[in-house]
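I've put the structures underneath this note.
Two complexes come next, and they have one chain in common, chain A, joined by chain B in the first and chain C in the second.
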Partner chain A sequence: MGREEQITARQFTILVALYTMGDAILYLPGQFIMDAKQDAWIASIFSIVEIFSVVLLLTVLGKRYPGLSLLDYMEGILGKFFGKILLSYFVAFCFLDVSILLMEVGDFMGSQIFPKTPTDVILLLFMSIVVLAARLGPEATHRTSEMMFPFIVVLFLFMIIALSPRIELKNIQPIMAHGLFPVIKASRVLFGFFLDSVALLILFPLVKQPNAATKSFYKGTAIGGVIIILISTASVLVLGVDTISRHAFPVYTLGKKISIGNFVERIEIIFTVLWFTSLFFKSYLFFISTTQGVSKLFGLKNDKIIALPIAFVMVLIGRILFPSRASFEEWSTIHWLSHAIPFGLGIPVILLLVDFFRKQWIKMRAK
Partner chain B sequence: MIRTFVRVSPIIILILILTTGCWDRKELNNLAIASAIGIEKKDGHYRVIVQIENAGEIAKKSASGTGAPVATFQTNGKTVFEALRKMSTVSPREIYVSHLRFVVLSEELAQEGIGKALEFFSRYANFRTDFNIFIARKSEVINILTTLTQIEKIPGISIFSSIRSSVRTWGEFQEISIDQFISKMESDTGAVLPGLSYSGDEEISKNMSNIQNSLAPAHIKLSGMAVFKKDRLRGWLNEMESIGLNFTQNAIKETVVHVPCGKEGNMAVDIFHTKAKVKSWIENEKPYGGIDLYIEGSIGEIPCPIDVSQVEKILLLEKNTNKEIEKYVSSALRKSQKSLRSDIFGFGEELNRSNPKKWGAFKKNWDAFFVDLPVEITVKTKLRSSGQTLKSFLENVTKE
Partner chain C sequence: MLYLLAVVGVSVVIVLIDVPTLIKNKWWKEMGVFSFFLIAGLAIGTARAFHLNIPNPLEFVIKINKPIEDLVAFFFGSP
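This part shows the complex of A and B:
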């Protein structure tokens, strides 16, 4: 593995926040309103509570093996055979996840910004940066995130403030007209987005103090969560439910609404910058999960040499799996939860249970 | 040194080529910038008319230019998009729609339903949402798009500025963007759109001589508000009704209303601040509506010999203004309830906000309920000033 790579707690916080924003900031407002309608903002608040419970689960698991990554103790807990099976599943999921993220990039750029540029070109460019980051290693990448994060926050707040004159309180009335159930049902969306956060346990041990890492896990989720609450609330307040439901990328449409004195206008591309940054770090996370998982699976010494070939395959798979927005829409709204729950909750729960009973058994035998 | 250069230079060249971002480039000299688009429907076809800015003519400093500042092309197509692309058979350049100022739809199309024709405008990524939509009122779309205008050389920009300034100072119209219009169409509230009409000499209107005159023989004019139910034109509001409607929609920045001040005639009240609230509630299982208006204005012109420096006189005039504005509003209300049958005030939406549980029962037959909805209108006016004079000089000149 060479030299010990390390990241600071602050960098981990930022990565978690960027991961939480991830692709969610572009899609969430649209998916929240499907069930919650004008109460999407309440749904977003509920969903933060839900994702905190996931964080709790993950940090409990992470703290049991300080200094070791998820991939390391997977085999340790389950044994070689079952460990490899779970690892294969993990790798397959992360691989697919990157393909999905790539598809999102392609769909967005293709339909909104570069309509005539071939999607493959955009994807290859995007992927080449992810590969570069993976090859440079976590330290360089995390320092980049640390450098970019303040800009992201400032730009985001600027956008929200610039939108505030366009707020119409009428858009969120009546509040909770159909009771609590649709709101809670809608809140599952962010929960679903957050389910793949198991992969964060790969970076978790890179922070030297497990307690500091736990704290920054919560902090990062909170920062990302606040950003998601703000963007969902702003979307509903400014655009209203039916405009959101009609647009493919409501947050981008939201950006188009900004007009300061008929002068500062058409700055919606800033939302794209934010989204691209968070999406990049999310892709990076799942990309290194895949490469590290593959190298673990086959006992390779260096996971960086397989980065490039895997990246190419990902681009191809993404193009094949999701040929259109409609197929993605069906996937993300109907199939995603059943696809992600075994991964996001199944893996940590299995590991925790097996680990718990094993330790009990060892204790009993010692007696 | 040279070896490094040789090794690095291909990378630099590659970066230079790859990062220029020229894939989707559009060269200005290959584009025809559309300032307005008109759509009519004839025999199952869309007839699309595009007004193109003639950049060469506009840029000319001297007035000696012989060409018109705009060119108009038209084609037919089964769909709007198809017709717009087919425009290349008559236009030498590619039509570029991002700077579109307005879309005008024929009245016949509006009666048939404009939803289908507008779908393209909300879907195609090159459109921005800041263009206006108009309905051609008792006029041919082609005449509206070919008439040359004075002061602003490009008719598209001329109309665009005209509605802007009209919204700011006159209050008869609303500037409605396509997404606002679509939201209204989808909701239970009836949508409205401003109308455009053409009047004058058809022969001269397309000619440069139209704008070489100081009194143009032909001109285009904003005219009334078209009322829709879903995407179908139901009818028109006249000037008074439009202003009445806009009062209730908080769509008036400034306007002038005439108010009787005595047997000598009408005074003009300059209104510069309005605040409206449309309410709706359920009582004894029946819906009720209410409109509260708070208005601030000043006396702009008064032909009656009234000493406006006295408080009780001002109070009297305020009362008259209340009554008159109520007439504006109730005229719009009557029209929308009795003849247009479209809830343009948004009582239904308000009912949904105030009583979402019961709204479900009314939603289905809201039209029937709306037609007979009892509406209470209360107007409160404050006349803040009387201009730079107190007593009018007329008191001394009109007496014999």
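This part shows the complex of A and C:
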């Protein structure tokens, strides 16, 4: 294995930004307007504040054990038995998460872009790239992300600027017609999407200076958050609440609206590029969480060698999770938040509390 | 039938890629985990090929998370 793998703070920023965009960039506008209606843009601003509180919690935990990954200190804090239980839960969650992300790929590609290709084949191809990234290791993957990110930002800004002539201000009026509560209620959506960010603590220690890593965690969240605010504001301003609620993928519909001088038309596929890239890095994150977790659980020497069969099972599970589009809507709007809260808030809070009381106890004993 | 062939084909490719390395390095523990996931994949794939009913893990997850869901609904009202 030679020298230790490490990534720069800049690469970590980009990964966090891509993770925050993740699958949210395609589904979020549609879910914001369910409760907030035309105030979705205010809801998105609120939700940025909420996800910053999650980042605060995670960085406090990450800085307590500099240089160690979440999987390493999980057993250290809780002891062997409870550590293994928490680790199994972590692995199961990440495993399911990759399957859900894969299902989203299949759902989108199968219904919008390649309707006649079998979805299993699309998933298999997508997953083989993720496996490739996992086997090449974090350094190669993060350098790729560094290479892709400028393109993503430029493409995104181009889309927003190209959409700006179609903005209609009457789409967001009246502002706060139903008071503050529906807006706050709607802001829980991005909070839910962001809750699985505990897995980022696996890559957090790969940045050598903990303070730089903390800073880039905040910076990445801010970049991703601004992109999400822009995209949800743009979709409400351009499409209006009624049109968004009628489409499964409002952002893709938004792309179809772009028309420059009746010459540049139908460039919505650019959104697919954006979404695919961010989704790829999100799947990569949870995939390596799963493989590293499994190898920690059974005390394996090499976590890359078991990547292929795990990916194989993920693809097959991803095809059976949701029998229909409606069941996916129900899952992501109703059940996801309660599924993510014990993972995203439970794990760091338990680890921090146990760690705090253990240190107090050791201090008392020393006296 | 085509689906079953594809599933078997993919698993054969996976075995060809990784098993020689596993045997060469004598990583028997890794071999155990590797075969567990491969057999699980083959089982699920075969069940899907014959249109058998596979239990959905999400139904189980939803059942476990019911108390938290009720708590969230208490704060926000049912969606």
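Keep this in mind: the second predicted complex is superposed on the first by the 364 of 367 C-alpha atoms of A that agree within 3 Å, B and C clash if a C-alpha of one lies under 4 Å from a C-alpha of the other, contacts with A are read in each partner's own complex, and residues count from 1 in each chain.
Here is the rule we go by: a contact is a pair of C-beta atoms (placed from the backbone, for glycine too) under 8 Å apart; a residue touches a chain by one contact, two chains touch by 3 or more.
Bear in mind the structure is a predicted one, so any value in this text is a computation, not a measurement.
**Q** Using the overlay on chain A, decide if chain B and chain C clash or can fit next to each other.
**A** Aligned on chain A, chain C fits beside chain B.
**Q** If we overlay the two complexes on their shared chain A, which of chain B and chain C does A:Lys170 touch? Say first, second, both or neither.
**A** first
**Q** Decide which partner touches more residues of chain A, taking chain B and chain C as the two options.
**A** Comparing chain B with chain C, the partner touching more chain A residues is C.
**Q** Is A:Lys282 contacted by the first partner chain B, the second partner chain C, both or neither?
**A** After superposition on chain A, A:Lys282 lies in contact with neither partner.
**Q** Does chain B (first) or chain C (second) touch A:Gly240, or do both, or does neither?
**A** first
**Q** For A:Leu124, using the defined touch cut-off, is the partner it touches chain B, chain C, both, or neither? Pick first, second, both or neither.
**A** Second partner only.
**Q** For A:His142, decide between first (touching chain B), second (touching chain C), both and neither.
**A** neither
**Q** Report for A:Asn302: first if it touches chain B alone, second if chain C alone, otherwise both or neither.
**A** Touch partner of A:Asn302: chain C, not chain B.
**Q** Quick one: classify A:Lys37 as touching chain B (first), chain C (second), both or neither.
**A** neither
**Q** Once both structures are overlaid on their shared chain, how near does any Cα of chain B get to a Cα of chain C? Whole angstrom is fine.
**A** So the smallest C-alpha to C-alpha spacing between these two chains is 13 Å.
**Q** Taking the contacts chain A makes with chain B in one complex and with chain C in the other, which residues are shared?
**A** In chain A, no position sits in both the chain B and chain C interfaces.
**Q** Note which residues of chain A are touching chain C in the complex, please.
**A** Per the stated touch rule, the residues are 34-35, 96, 120, 124, 185, 188, 294-295, 298-302, 305-306, 308-310, 312-313, 316-317, 319-323, 331, 333-335, 337-339, 341-342.
**Q** Under the definition above, what is the set of chain C residues touching chain A in their complex?
**A** Chain C residues touching chain A: 3, 6-7, 10-11, 14, 17-18, 21-22, 27, 29-30, 32-38, 40-41, 44-45, 48, 54, 56-58, 61-62, 65-66, 68-69, 71-72, 76-77, 79.
**Q** Please name which positions on chain B make contact with chain A in the complex.
**A** Within the complex, chain B touches chain A at residues 18, 23-24, 122, 125, 128-129, 179, 182-183, 186-187, 352-354, 356-357.
**Q** Quick check: in the complex, which residue numbers of chain A touch chain B?
**A** 111-112, 114-117, 121, 125, 170, 173-174, 177-178, 240, 242-243, 246, 253, 256, 266
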